[in-house]
Amino acid sequence: MGNTQHYAECIEECLKCAQACNQCYDACLNEEDVAMMRDCIRTDRECADLCFFAAQAMSTNSAYAADICRICAEACEACGRECEKHAHAHCKRCAEACFRCAEACRRMVAQAV
Amino acid sequence: MGNTQHYAECIEECLKCAQACNQCYDACLNEEDVAMMRDCIRTDRECADLCFFAAQAMSTNSAYAADICRICAEACEACGRECEKHAHAHCKRCAEACFRCAEACRRMVAQAV
Amino acid sequence: MGNTQHYAECIEECLKCAQACNQCYDACLNEEDVAMMRDCIRTDRECADLCFFAAQAMSTNSAYAADICRICAEACEACGRECEKHAHAHCKRCAEACFRCAEACRRMVAQAV
Amino acid sequence: MGNTQHYAECIEECLKCAQACNQCYDACLNEEDVAMMRDCIRTDRECADLCFFAAQAMSTNSAYAADICRICAEACEACGRECEKHAHAHCKRCAEACFRCAEACRRMVAQAV
């Protein structure tokens, strides 16, 4: 059984990643080449939603926090891999935040076992 | 029309406040005097949910970001006033985060007009 | 002060609308003419998120339920007007759900005063 | 890979369960014996949040829908077992909705494999 202090680093990365994903989502929808960004738009929303949900689960000390972080790590990894294909600055920033968050989630899950 | 950079400070306070509220919620449910904490539990959840929702609206550059922050400011104010009635350390920390966030939301709304 | 029974019809419409918006969002991202759908994608997510948030506020009997439904009505109206511009079946279905939900939210707000 | 039509029954049960949990949460916070209801309050919020999140994942056709439903089934089961300990009508209604939703989630997961 973890406690919320224990989760501090992972919460921090989830919240940064959610913001980067949402900013990338907004920027992608404004890009001229929006057709090329369709997968990025989708993974951005999916990842942002999971990151906020994981942060909420950790900060309420939910019994499902580790299970949610396990899914969040996958979503971050997938979003990061999609974002790094694109040259836009918002995609590069987002990919970086995603990979950092994926790692923080995996560390959190490993400690929770 | 704002942009997400413009919102940075308000997003930051919303995310800190959401965490403080969720930690206070979790701690209140574990207190011996839980009957005294029932209003605090309710306002904690309400405020945390609004803070995350406001942060999401700002980071996606939603057309409703200012409207949501206006409600968020009220919820923060109400939660802060409830929390400051109690001597528990988690309530004191939460009240402080709530009042700071209420102010940040009001500033954001004033700039958005 | 309402109670959750009082909100039943509005909750129902919000949940139907959230689903229609999310299905339209998913389908728009798969359309060949995704560039034409960019505003629709944006309003779909915005409206779905607000509808779920409004349903949550009503079902928890939140003090901010009416305030949130007021914003939700605007988001539904805007999403409906965007969706009705497009010939896709998912857009037509979504527009219909949006206009019904906007009306239900306005009725809820009128009763809450 | 499912599609959103395929998910219709599970979405329906998740949304009913989320409402029952939120109404039980609200009612528990108003009970005289709130100290006895503390676990119920906690599982109600946890389960409601997961049910809405699962419904959102299914209606956007998320790649993580089945993973989220697997956690949702556990949260529903746990909330149902807590709620059925109590004689309050809102707890009995909530337990019933939880067990139905747990089953719907398990069926959804089995079909998604």
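By letter and in written order, the chains are A, B, C and D; residue numbering begins at 1 in each of them.
By definition in this document, contacts are C-beta pairs under 8 Å (C-beta built on N, C-alpha and C of every residue); 3 or more make two chains touch, one makes a residue touch a chain.
Chain identities (UniProt): A, B, C, D = Four-helix bundle copper-binding protein.
This structure is a prediction, so every number in the text was calculated from the model and none was measured.
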Go through C-D and B-C and name the pair with more C-beta contacts between its chains.
C-D
At what distance in angstrom does the C-alpha mean of chain D lie from that of chain C?
22
Can you check how far apart chain B and chain C are, centre to centre, with Cα atoms defining each centre and the answer in Å?
24
By the touch rule stated above, which residues of chain D touch at least two different other chains?
45, 56, 60
Classify the chain contact graph as line, ring, star, complete or other.
complete
For the complex, give me every residue of chain B touching chain C.
45-46, 49-50, 53, 56, 60, 62-64, 67-68, 71, 74-75, 78
Complex interface listing, chain A residues touching chain C:
29-30, 34-35, 38, 41-42, 45
Interfacial residue positions of chain C with respect to chain D in the complex:
4, 11, 15, 18-19, 22-23, 25-26, 48, 52, 55-56, 59-61
